[in-house]
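The structure under discussion appears below in the form of C-alpha cells.
Here the chain labels run A, B, C and D in written order, and each chain numbers its own residues starting at 1.
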Amino acid sequence: MYDVVDYVLNTTFNLGAAGWVVSLISYLMIATVLFLVAPLQMLFLTYYERRLIARMQDRVGPNRVGPEGMFQPVADAVKMFTKEDIIPAAADKWVHLLAPLVVVAPTMFMFAVLPWGPGMTPIDMHIGLLFFFAVSSISAVGLMMAGWASYNKFSLLGAMRAVAQMVSYEIPAMLSLLAIVMITGSLSIVDIVQWQGGLFISSSDVAGVPNWGLGWFVFNPVGFLAFAAFFIAALAEGERTPFDIPEADSEIVAGYMTEYSGMKFGLFFLAQYVLNFLLCAITAVIFFGAWQGPGVNELYALGITPDNPDGNGWFNVLAGVLGAFYFLFKTYAFFFVMVWIRGAFPRLRVDQLMDFGWKYLIPLTLVNVFSAAIWVGFNNWGANEGFGFAEPLGDLGRWAVAFVLTLAINIAAYIVMTRIYGETRRVTFDEQLADTAGLPS
Amino acid sequence: MELLIQIIFFLLAALILGAGVMVVAVRNIIHSALWLIGSFFGVGALYLLLEAEFLAVVQVLVYVGAVSILILFAIMLTRDVSGQGERLLFQRWWLALLVAITLFAAVITPTLLAQSWNVVPPTGPIEPGQPTGIAGALELGRGFVHEFLLHFEIAGVLLLVALIGAIVIAFEERNRRRKVLTLAEEHELRKRREQTSDANASESALSAPGHPISQSE
Amino acid sequence: MTIQFERGKVVVIDRGARKLRVGQGMLKGMAVVWHHWLKSFQKLDNFSKTAGVFTVEYPDERIKLPEAYRNMPILLYDDETGQELCTACFQCQRVCPPQVIHINQARNPETGKAIPAAAEFIIEYDACMSCGFCAEVCPFDSIKMDHEFELSTEDHAELTMNKAQLSRPVSYYERIAPTFWAEVKASAYKKLQNSVKRRVDLIGIAPQMVEKVKAMRAAAAESEATEAAPSSAPTKPSAAETSPATDKAAKLAAIRAANAAKQDAGNGGTSTPEAPAGDDKAAKLAAIRAANAAKKAAESGEGSASVAPAAPEAPAGDDKAARLAAIRAANAAKKAKDEQENS
Amino acid sequence: MIKTEELQINIGPQHPSTHGVFRMLVTVDGETIVDLVPVFGYLHRNHEQIAEVNTYLQNMPYTDRLDYFNSMANNQAYAMVVEKLVGIEVPERAEYLRVLMVELTRILNHAGALGFLINDMGAWQTPLAFGMREREKILDLFEMASGARMMCNYFRFGGVVRDLPPAFMPLLKDLLVALPAFFDEFERLLCENEILLQRSEGVGVLPKDLAISYSVTGPVLRASGIPYDIRKAEPYSIYDRFDFDVPVGSVGDVYDRFLVRVEEMRQSLRIIEQVLEQLPDAEGDHINPKAKQNVRPPVGDAYARIESPKGELGFYLVSDGSEKPYRYKVRAPSFINLTPLGDMCRGYKVADVVVILGSIDIVMGEVDR
C-alpha cells in the first residue's frame, strides 16, 4: 500500500510528500477498508447463521426482505439504529457508554494481522499471533465495564461469567498455539502460513515435496490435537454454544447486555460476530493454511514478488483472489461448524465449563506441547542438539518416526485424560455426601 | 516521520500521565482502575513506538488483559466502590508526597546518571548478529534459559509457591463456607441419623422434609 | 419392583450408567442435525416424514382448513330470498359461555307481536372464545362457525359485530363446509319455510339483501301489473353501505353531543342530544365521540360543580348497539364528573 | 478472610424461561442457591369462581384454558366428573376416541415439554423445533376432528362432539409411521449427549419417599421410582383394555424425568396402535348425545381423576341440584408438582434452577387458574 500511495503522490502528482505522510495515508486507507469489512462480515454472518440453523431445524429462516432474505441484516441494523437508547437511572453513565466501544475496538484491531491472500496481510508483524490474542483479551475489560455499569444483577453475573471464561480459556488456546509456534519457530502469521505449503506433510520440513499448498498443520498429530483444543477454546472465547454461558438467555436473560438497547446493544452484537469471524479465520490461518491451497503459490510465483520483480501484476491479482477465496471458504466452513454445534447441543454450566477448561483441556494441551517438542526434535534437530541418532533415517524417515510417535502419545493422552475426566465427573452419591457433609460413610 | 513520531509520543505521554493522575484523583475505585488500564495501554503503545513489539504486546496481554481484570474482580467483590464521603487527602499529605518523591528520586537518579544519552541510532544494514525477526522474543527466551536461568527458575518457584498458597487459602475458605445441602443429601443424612441413633429415630422422622439444614464446622 | 400390573409391566429406565462416554453421544447428535440440514431442501409434505422444511409461508401459502374448523360465529341467510334462518329463539344467547351474544326479537310494528326473526343480533367478537356451542345448539342451523381468521382491527369496538356484519349467504357456508351443510340442508330449509310464513314485510331479511329484495318485490309487483318480464336485479349492495343521509345525521348528533358536553362542563346544564335512528355503527361512533368529548371537557373544566351526563339517545327501540354506546357515553361522562369532584 | 455476601435475584415474572409469568425469588451465595421462593398468581383468572356461575356445559371450554398444552386431557377429566355426577354412560366408540385423543395429547405434551427443557438447558431451539414439528401434525389432526388446534372443546357429556372425519384415519396412520422415527431421532440427538448428561445427571434429585410426601404425581413421581400411574392404579375409561408399560426412573433426577417422558411417548404410541385395532364402527350409539348436554345433576358430589400428561388431574364437583355447579375444584398437577421446587433447587447452581423447573413441566394457566 505504501508503494502505491507513494507512487501516486510523488510520481504521478509530484507533490513531494514526506515519508510519514505517505505512511499515514496508506495506513488510514487500509484501516478504512478493514473497518468497512468488519461490519459487512457481521451482517453476512448473522444472515448466514440464521438461515443455516433454520435449515437444521426444518425451517426456512428469514426470507422476506430482499431476494431470499438477503437484506434482513440490513433491516435489523436499521431497526437497531432507530431504537430508543435507554440508560438505566442507576447506571454509571460514562462507563455504560464506553463499554461497547471498548468491546468493539479490539476486534477491529485484530483485523490488522489477518492474511487475506499471498502478500495481502495488512501489517506483517513479527509477533502477529501474540498481537492477535493480546488485543482480543482487551475486550474482557469492556465486558466487565458493561456488567458493572449497568447496575443490574444479571449484568454483573453475566460479566463475571464472561470474564472468568475468557481468561481461563485463553490458557488452553495459547498452549495449543505454543505447539504450532514451536514447530514453525516464528510468531509471525505470515511465516506460519508460508510454512503450510507442501502436501499433507509439512513442506518446509521435508525436502522434495511438491508445493501444492496443502501442508496444513491439521494433517499432523500435533496440529490436529492443537486444532481440536484451540477450536473448543475458540468456542468459549467467542461465547458460542455450548459455552454461551455469559449470555445464557434461559438463566441470566442476556448477561452483560441486559441493560443495553439500540445501537449500543448492536455494538456488542457486532463485536461478538466479528470476534467469531476472527476466531474462525485465525483457526483457518493457523491450522488450515489460510489462503494456502492448490494453485495459489504457482500463480503468485508468476506475479510481482520480492524475488521476481519483473512478474506480471495480473497474476498477483489472480493469486490474491484465489487465496482470498480459499481463506474465506475455510473461515465460513468453520463458522458452519459453530452453527452446527449450536444447532445440536445444550450449554454447559459455569462450574462444568471451568472444570472442562482447567482439568481437561489444559493438561491435554500440555501433553501436546511435549509432542510438539518431539516433532521438532526429530524433524529439525541434528547432532548438535543430541538428535544425531536420527540422522541415518533421512528426512522422510525422521518425519515418519515423529508422526507415529506423536500420534501414539496424543491418542494415549486423549483416552487417558477422557477417562480420568469422566471418572471425576461421576462421583458416586455416597462419596459426594460423605465429602460434603463430613459424615462417616 | 520524525515529526509524526514526536506528535504521537507526546500524545501518548499525555495519556499516560493524565490517566495516572486520574487514578489517584477520582473517588470511585472502579473508575480509578479503569484509568489505570488506560495508563497501561498507553505504556503498551509507547513500547510499540519504540519498535519493541514483543514487549508492547506482552504489556497489553499481561497488564491490560490479565492484571487489570484481576484488579477489577477484586474491586467488584468489595462493598463500597463509590468512595462517597471519603476524603482523598488527609492532613499530612505533604509528608506522603515527600516520601514518594524521595523514593522515586532514589530510584531514578542512578539511572539518569549512569545512562549515556548520546546513543547514535543504528544506521545501515543490520549486522548478522543483531536481533532480527522476532523482535526481542528470541533474546528474551535465550536470556531466560542461558544467562539468567537461575533467576528465571527462582521466579518460577516463587510463583509456584504463591499458587500453592492461593490454593490452600481457597481450600480453607471452601471448608469454612456454609455448605448448602441439596434435598437428596439432606434426606440421606436424616435417614442415616435415624439409623445411627435409635433413640431419636421417631423424632427426626416426624420433622418436616422441607426444613433447610445448614452444616457448618 | 414387586408391583405387578395386569397388562404391561413396570420398566425401570436404563440410564446407561456403565457406558463409556468419550464424546460419541455428541457426535451422534451432530449427525442427526446434519441429516436434517441435508433434508431441508425438500418440503415436509407428508405426515409420515420426519425431515424436510415444515414451515408454511403463511400469507403466500395457506393450509386448507378442515370443515370442522371454527373461528367466529356467523349468521346464514338464503341466497335468493334473503330470508334469515335465525328465528331469535335465544338458544345461543343462553348457551354462550362468555355471554357475548345479544339478540333482539323482531316485532310486528302494527300489532306488537313477536315475529320469528331477529331485529338485531350482536356478537362481541373480541370476547368470543370460539367454543362453537352456539352453532351446536342452534335448532335452525342458522348460526355457524366461520373459517375467516384475519380479523385484526385497531379498535376493540370494531369487533362488535351487528347483524349486517354477521350475515352470510348459505352458499358461502356451503362452500367452506359442504358435507356439514348437506347433512342439515333439508331440515334447515323446511324450518325456514315455517318461519317465513310468519314474517311480515321486510322483517327477517338480511340487511345486505334488503335493497335487492325490495327491488325484486317491486319488479314482481310491476310485472304482475304489466305482465311484463321482470328486469334484472340490481347488484348486491355491500354490508358497509349505508344511506348517506343517516350517516350525516349521526355525525351531526355526535357534534351536538360534544358541544353539549363541553357546555355542561362550564355551566352544569343537562342535555340529551338525540341520535337519529338508522345505521347503528354511525350512532355508536357518535356516542363514543360524545363520550370522549365529555371526558375532555371534564378534564379542562375549571372546577365547576358538576358535569351532567351527555347521553345521546337512540330512539329506535331495537337499536341495541346504539343504546349500549349511549350508556357507555353516559358512564364515561359520569366518571369524568367524579374525577373532577375528587380533584 | 473474604466474606461472601448473599444476593437476592428475581427470576421472573418477565424472564425467558419461567414458562409464563412465574417468579422465583432466589437467594444465591455466589452461584449456589441457598433459598428459592416460588411466587405465582400473576395469571390468576378466577377460574373456579367463574365455573360456579356457568352451567355444567359452559365450563367445558374453560377447562381447555387450564392447561392449554393438553386441552383434551382436561376435557376428559371434566366430562368424566359430570358423567359420574349425573350417571351418564359413554358409548363404546366415544370412549375409544377419547383415549385416542388423550394419548395423542400426551405425546404432544411430552414432545413440547422435552423441547422446552432442552431449550432451558441452552440448546438453540433444535430439539424444540423437532418436537414442535410432530406436535404440529397432531394439532392438525385435532383441528380436523374438533375444529380447533389448542382449545379443542371436543368432549361432551356422554360422548364427543362429532365423529372423526373420513380424512382423519389416513393421516393418523401416516403419523404413526413418523412418530417412532421421531422418538428414535430424539433419543439419538439427546439421550447420550455428554453435555445433557452433565447438566441433568444428579441435578434436582427428588428422593422416593419425599416425592410421595410432597404428593407429586405424573412423570416426576415415576422418575423418582414410584410406578404410580392412574391408568393402571385405578383404570378409568377403557384403559384396562390396553397393554402398556409404566416406565419408572431409579434416581429421580432431571435425567430420569427426561428419559421417563421419552419412554412414555413410546407407550402412548402403543396404546394408540391398540385403539386403532379395537376401534368399533360408528353404528349403534350416537356419540354426540345432544340431549344430555343440559344436565341438572342430583344433589351430591363427585371427584374424577385422570392421568393427565403432567400428573393426576382431578375435578371435584358439588351439585345442589341446579344447572350450575355449587362448588367446582381443580386438582391441578402443575400446581402440586411445583411444591417441591424450592427444596429441589437448594444447593444447586443458578443455571440448574431453570432446568429443574423445566423438568417439572408446568403450565402457568393451570398453576394460577
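Criterion: contacts are C-beta pairs under 8 Å (C-beta built on N, C-alpha and C of every residue); 3 or more make two chains touch, one makes a residue touch a chain.
Computed from a predicted model, the values in this text were never measured in an experiment.
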{"item": "Relative to chain D, chain with the most remote C-alpha centre", "value": "B"}
{"item": "Per-chain Cα centre nearest the global Cα centre, belonging to chain", "value": "D"}
{"item": "Rounded Å distance between chain B and chain C, as computed from the means of their C-alpha atoms", "value": "70"}
{"item": "Inter-chain centre distance, chain A versus chain D - centres from mean C-alpha coordinates, in Å", "value": "46"}
{"item": "Gap in Å, rounded to a whole number, between the CA centres of chain C and chain A", "value": "59"}
{"item": "Inter-chain centre distance, chain C versus chain D - centres from mean C-alpha coordinates, in Å", "value": "33"}
{"item": "Of all residues in chain C, the ones touching two or more other chains", "value": "21, 23, 26, 29, 32-33, 36, 44, 54"}
{"item": "Sites on chain B at which at least two other chains make contact", "value": "181, 184-185, 188"}
{"item": "Shared-contact residues (touching 2 or more other chains) in chain A", "value": "56-59, 343-345, 429"}
{"item": "Pairwise chain contacts, counting only pairs that touch as defined", "value": "A-B, A-C, A-D, B-D, C-D"}
{"item": "Residue ranges of chain D touching chain A (in the complex, touch as defined)", "value": "7, 9, 15-17, 31, 118-126, 129-130, 133, 189, 193, 195-196, 198-199, 201-202, 349-354"}
{"item": "Contacting residues of chain A [partner chain D, same complex]", "value": "53, 56-59, 153-154, 157, 241-242, 244-245, 248-253, 342-352, 425-426, 429"}
{"item": "Residues of chain C touching chain D in the complex", "value": "1, 3, 5-13, 15-16, 19, 21, 23-26, 28-29, 31-33, 36, 44, 46-50, 54, 63, 65-70, 95-97, 129-133, 136-137, 145"}
{"item": "Chain B residues touching chain D - in the complex, by the definition given at the top", "value": "77, 79, 173, 176-178, 180-185, 187-188, 209-210, 212"}
{"item": "In the complex with chain A, residue positions of chain B that touch it", "value": "1-5, 28, 30-31, 34, 37, 41, 53-54, 57-58, 60-61, 64-66, 68-69, 72-73, 76, 133-135, 137, 179, 181, 184-185, 188-189, 192, 215, 217"}
